[in-house]
Amino acid sequence: MNLSDVALAAQTAQKESLTLAEKGITSAKVVLTGFVVVFAMLILLIFIIKIYSAIVQKAQSAGSNSKKGKKNKDEKPAEKPAAAPAPVVTASAATDGISDEVVAVISAAVATMYGSSEKARIKSIKKSSDGGRSAWAKAGVLDNTRPF
Amino acid sequence: MEILQGFVDAVVGIFNSSGLTTLNWQNYVMIGISIVLLYLAIKKQYEPLLLLPIAFGMLLVNLYPSIMSAPSTEMIPLADYVKDHTGAIQYPITELNGAEYVNYPTNGGLLWYLYQGVKLGIYPPLIFLGIGCMTDFGPLISNPKSLILGAAAQIGIFLTFTGAIFLGFTAAEAGAIGIIGGADGPTAIFVTTKLAPHLLGSIAIAAYSYMALVPIIQPPIMKFLTTKKERSVVMEQLRPVSKLEKIMFPVIVVIIIAIFLPDAAPLVGMLMLGNLFKESGVVERINKTAQNELMNIITIFLGTTVGATASGQTFLTFATIKIIVLGLIAFCLGTAFGVLFGKIMYLATGGKVNPLIGSAGVSAVPMAARVSQKVGQQENPGNFLLMHAMGPNVAGVIGSAVAAGVLLNVVG
Amino acid sequence: MEILQGFVDAVVGIFNSSGLTTLNWQNYVMIGISIVLLYLAIKKQYEPLLLLPIAFGMLLVNLYPSIMSAPSTEMIPLADYVKDHTGAIQYPITELNGAEYVNYPTNGGLLWYLYQGVKLGIYPPLIFLGIGCMTDFGPLISNPKSLILGAAAQIGIFLTFTGAIFLGFTAAEAGAIGIIGGADGPTAIFVTTKLAPHLLGSIAIAAYSYMALVPIIQPPIMKFLTTKKERSVVMEQLRPVSKLEKIMFPVIVVIIIAIFLPDAAPLVGMLMLGNLFKESGVVERINKTAQNELMNIITIFLGTTVGATASGQTFLTFATIKIIVLGLIAFCLGTAFGVLFGKIMYLATGGKVNPLIGSAGVSAVPMAARVSQKVGQQENPGNFLLMHAMGPNVAGVIGSAVAAGVLLNVVG
Amino acid sequence: MNLSDVALAAQTAQKESLTLAEKGITSAKVVLTGFVVVFAMLILLIFIIKIYSAIVQKAQSAGSNSKKGKKNKDEKPAEKPAAAPAPVVTASAATDGISDEVVAVISAAVATMYGSSEKARIKSIKKSSDGGRSAWAKAGVLDNTRPF
Amino acid sequence: MNLSDVALAAQTAQKESLTLAEKGITSAKVVLTGFVVVFAMLILLIFIIKIYSAIVQKAQSAGSNSKKGKKNKDEKPAEKPAAAPAPVVTASAATDGISDEVVAVISAAVATMYGSSEKARIKSIKKSSDGGRSAWAKAGVLDNTRPF
Amino acid sequence: MEILQGFVDAVVGIFNSSGLTTLNWQNYVMIGISIVLLYLAIKKQYEPLLLLPIAFGMLLVNLYPSIMSAPSTEMIPLADYVKDHTGAIQYPITELNGAEYVNYPTNGGLLWYLYQGVKLGIYPPLIFLGIGCMTDFGPLISNPKSLILGAAAQIGIFLTFTGAIFLGFTAAEAGAIGIIGGADGPTAIFVTTKLAPHLLGSIAIAAYSYMALVPIIQPPIMKFLTTKKERSVVMEQLRPVSKLEKIMFPVIVVIIIAIFLPDAAPLVGMLMLGNLFKESGVVERINKTAQNELMNIITIFLGTTVGATASGQTFLTFATIKIIVLGLIAFCLGTAFGVLFGKIMYLATGGKVNPLIGSAGVSAVPMAARVSQKVGQQENPGNFLLMHAMGPNVAGVIGSAVAAGVLLNVVG
């Protein structure tokens, strides 16, 4: 049975509806298949993630040991843990209790919005290391992702 | 006199083509329903980004059904046409059984054109592109076992399939109804347009409604299935995930899933492309546009036109009521199985896993994870489950897409 | 020798397909006109957001008419085709009266594809969506009598219809021409694509030109029809409007208008959807995109392709001159009737309404309202009519859409 | 007569153009219909707006009287008059020249625009006279143009 | 030979490939034509640019001489050299804080972007009560609405 | 028993439709290549904005070829259809030689729909629109002789044409391959879709790769062809260009080029429309959207779908290797002729022109100009050639478009 046939059949009076036994068999088949395949796929993913994660971690720790001090600058982006806390914000802009990141987030929107009509001078801003998205911005993103 | 007659004729013509004579009772009922949905979207803020456009599309199509009419070509017998018109004939002429007909075209309605992106399966993957740009798979990579919970929460999909079959739906319809339990809007719409497009309105509205109601539906189930001790488990902090692992994740996942379940490839492919935009860090321009303007434009078109599939005649049927009930069951079963597998992991790990994070496996990102956090904190105010629940939560998105691939293959 | 011959042939071929041999005098005249319009758009800043793309589209189509060519299929006799080609035939073959033909396809021009959004009536409602997101109906809700002025200013549309009929236009053409008096770009384009697509270029250019000239056209008429005393009236402050009233407004208006005049539903529906985005306050993401990026993208496509309908042969006709004259008349009549009904309200309210706000009823938001403000201040520098004029101004948008619905129904 | 017929007729030589009388009748009919229907519709809207406005206002004033002090927070957005003046901006921002926020605003945009490949600290930005694009921004634009 | 034919021919087995001589002739023809036409076009552009540049410069210097002091304001945008250095930003912005308008602009953008879910502290800016849009922002919106 | 049989059947069905059985070795090789390209895009940052989507599109199409499948209609004999289906027939029926067939439609793949914008020639001009908004032609207007260098660098295109012809490509294919030397992505794609669509994947990838490698490819050639003295030339400062000249430039250029070489009109027209948006200064709204959101959306669609044309069977051919070699030759020749004509200008001006700016004539804006700057500074650290090199650099964009017009006319 294929896609359009079903749609067709569904939209018209269903002359030949399934017997109770057929219903049972179809259902059991789909439940069983769904259960097995979904679990099989996701368990396969578990193993693959574990394997490649282990390889990456080993490679990176080996790399960072052997090259420490040499390629520090190069390695930094790859090593920096994404889930780590981000306490780095320098104090320059932070005297008033809002971190640079928060400031930047808010203001980014503004500037994006108002573009070059703005006349203010920018004194200093630093990009955060993990893709520029602070914890605060993450929360906002989550809020936006929600409805989809 | 003739003027007055013309005036009366014109007014009568306007009246006859007005909704007062062309609409039927179902349309008026639907107008009422759409206003209720608008109220829920605006006042209660139930998923307003989708529910507001959906409700408005529903309102429009029931006020003016032609707004969803397909373009058409009428075959007018040549003689009739010539009688009514002057000048050369500008349309193709077809000969049929010896008679000649003018192929006279009529444009489709506004929302019909915008709806093609839904019908042809274009919008849902593009929304997944934007979601991919906003999703952090870090918690999942850090704790890949979360995927088991993301799989468990899909069991509801298949059990609901059974229910739908026994309630008289065809296999394809039952598949589309079951996917409501995936708690994932674009996946539900993608699957439904392929398996049972005539149910799109009901299924989309049910899916988004239950996603909005996650904070109300899930907690009782979670509490019923867990003990106080289980709910109080404080989980170990997640290990940090390196940037390289995050970059490799989307590439590896898309390869595995697209090879094994090609039907899921458009959804998973776009989700992972978006995620690669985000994690690679080298394409900020398009990353930003994909998750903002592009996704917003698609959201407007998708919401409004999905709502516009709910015209009175197709929506006000007994099938819709069945779908709404089955959708709720699917949701509850998904939550329950997520929690139950959470309990299994609790036992298997000697009490290190809090089973509350299992309910987040239904997806409904990030609301379901927040519910886990909140219910956990009710037992132990110092317990922060949010990041732990994000693992099963994003795993649920992948799980739903996999389940969609299975359904499309087996019943499609 | 052969090389040189080939070179000469190639250069001759380039020359023969160049504009030097393919363009005619009308194209060159149009190139001149488009440069004048570019000058007006850039130097005089006459509605540059629309006039600049329109003028550039006009320039492009007259430099390179194929940029608006529709895709086509040529029927080449099979024998001829085979003679000229090697390899398998990749195109469908049609049998016609015993002979076989290869259906040989050619792509359309760039602007032809972008133009489909105009032709199928998609762009104008989407622009109305963006306008709805930016429109504050507060002053209208606060003073609903403004709607009378928004209706009065549409009388010009129908009177101009008469003029167009007597100048030899058909009823449908006359309807499209009259709508210029609505002073509303998307409405004019929407109606024209349905009633008289061959006049689109002239009508769109006339509409936007007169909208740009509002500050020049309206003041003399306003002053001629009012006394100094009338112009000096200071109006009472508007009552504040609650958020709930503002949210209910778009829903109620779309229901009323779509039921009574379904032909206006796409325009009014999208306008009110945008307004609901704005007033609901719960969908800021899509509200922002609808009024910015989406509207800007559509504006670029709409402007450029509307301009590209003005190729020399279709534009340089006596009809265009008639349309320009009739459009001006429509505009002036709209202004005049707005002011006259303002005078009636002045009398009916015992002098509480300043008749100058009537001219704002033509729409041309917000320029016409500013003109009311400015002319009022010339009499009494302390008089602020702007917010009072915004009521008739936005009422004029609704009024034009209603008039469009009537015309589409009666002459469409 | 319907849409496409008219278009067709219009585009071809109009063999049978209307007589003067027909023109007059058609015109009068359309003017009359248009006038009546447009006014009828908009006057209908006037009444409906008046009615629902009255109901809303009555409901809200009743609501605010009975619940005053209780649900104040809830009611506020609904009651707040839209046309009220907005004189509020406090002077705090004015003490330190340009607040960090403004600075951040602009630079955030820049960061949004130019992504993570950018490492420079922005010391000061001035609006250039030619279309608002500074030399610095130009360089950025060039970066973005490059791949196309 | 025209477009689709070539494509067609290319995609199928090329039964009749060119002889070496034909290849040479075709190549030479294309190289010669390409060389000549590309240079001809671009040299034509050089002359045209030179001519109109000269005219514009002469007109503007004549204009600025004759009208100096009169229409200064009008002429400025046209005369200002684009490549000139842009040292102009006055210090006013730095000394007097930020004008209310700038403040309003920024906050409007923030509100537009982050809506009511926003919890960040914005020190110096207060949300206007009606949907976050200040009078100044409204004027901007109106300006943008105008042309449609 | 029957259940188990059904389960086994379903799993076998999933396996049989999975990539494990449907993909061939070419697909797996391409998956590997796409991962290498992703690595280059992300780690080496070679044109990531284009290369990342291209590589991902390549990955997707080789994992799931149907993602690029065209919609199709199957002709099923009526009797067969009726046998397998219940209910009324919803599809058109065709009579053919006395037998009746049901026209049974299948949707196309996601990327096939998005690809239409490439195939129909819509995306490249729209990207040129955005580029026009970001391009400053000031240095070119200031020093129009730069156009000679922009012309010289196109010689590589035509010489490579010769090479391609002798390697056995058809004239049209050779034209598309040559255009790689133009170092201009949208132009290469635009020309290739018209002349040799089957080579699109290889040509696009070659073009973007070499553009990314400009800093590596050009310097040795530049140094080989110039003396130390020539490289040390410090050029005079450019004269300032007035706003009026900048506004007139796009209008004049589009008129000249569209008249003489109509085939280049879509590209040059959109480039100049964008530039007029920028220079006019009166349409900031649409200027900003054209160069940001619109261009980003198109970039995503164009990149992904161009990559998706590189399926294993079409890409892994000897032709691709030839294209890659020829593309490199085209690039090197372009650079060399630019520098050589720079030397001619050096001589002609008595040493006032630094020949290093000639290499910037290939386009690859602005990377090629930066390379000129960098190589110049190696001789004389105080020498700033950047703005001088921007003239030939933007001239190269115009030059490539002109060359494209010639090729489309002569071999198209």
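Per-chain residue numbering starts at 1, and chain names A, B, C, D, E and F are given in the order in which the chains are listed.
Assume a contact is a pair of C-beta atoms (placed from the backbone, for glycine too) under 8 Å apart; a residue touches a chain by one contact, two chains touch by 3 or more.
Everything numeric in this text was worked out from a predicted model, so none of it was measured.
Colleague: Let me spell it out: compute each chain's centre from its C-alpha atoms, then which one is farthest from chain D's centre?
Modeller: F
Colleague: How would you label the chain B and chain F contact, same or different, if same means the shared numbers make up over half of all numbers there?
Modeller: different
Colleague: Which chain's centre, taken as the mean of its Cα atoms, is farthest from the centre of chain E?
Modeller: It is B.
Colleague: Roughly how far is chain D from chain E, going centre to centre by Cα mean, in whole Å?
Modeller: Taking the average C-alpha coordinate of chain D and of chain E, the gap between them is 25 Å.
Colleague: Whole-Å distance, chain B centre to chain C centre, using C-alpha means?
Modeller: Spacing between the chain centres: roughly 35 Å.
Colleague: Could you put a whole-Å number on the gap between the CA centroids of chain A and chain C?
Modeller: The separation of the two C-alpha centroids amounts to 43 Å.
Colleague: For chain A, what residues touch not just one other chain but two or more?
Modeller: Where chain A meets two or more other chains at a single residue, that happens at 9, 11, 14, 26, 28-30, 33, 37, 96, 98, 105-107, 109-111, 115-121, 131-132, 143-144.
Colleague: At which residue positions does chain F touch at least two other chains?
Modeller: As it turns out, chain F has residues touching two or more other chains at 10, 14, 45, 48-49, 136, 243, 260-261, 281, 285, 288, 293, 299, 406, 410.
Colleague: Going by the contact rule at the top, pick out the chain B residues touching chain D in the complex.
Modeller: Chain B reaches chain D through residues 2-3, 6-7, 9-11, 14, 84-90, 104-106, 281-285, 288.
Colleague: Report the residues of chain C in contact with chain F in the complex, numbered from low to high.
Modeller: Residues of chain C touching chain F: 10, 13-14, 17-20, 22-23, 31, 35, 38, 41-42, 45, 48-49, 52-53, 56, 59-60, 63-64, 66-67, 107-110, 113-114, 292-293, 296-297, 299-300, 304.
Colleague: Quick one: which bits of chain E touch chain F in the complex? Just the residue numbers, please.
Modeller: 1-3, 6-7, 9-11, 14, 17-18, 23, 26-31, 33-35, 37-39, 41-46, 48-50, 52-53, 56-57, 60, 77-84, 144
Colleague: Can you tell me which positions in chain D touch chain B when the two form their complex?
Modeller: Within the complex, chain D contacts chain B at residues 4-5, 8-9, 11-16, 25-26, 28-30, 32-33, 36-37, 112-117, 144.
Colleague: For chain B, which residues count as touching chain F in their complex?
Modeller: Its residues touching chain F are 120-122, 125, 129, 247, 251, 254-255, 258-263, 265-266, 269-270, 273, 276-277, 280-283, 285-286, 288-290, 293-294, 406, 409-410.
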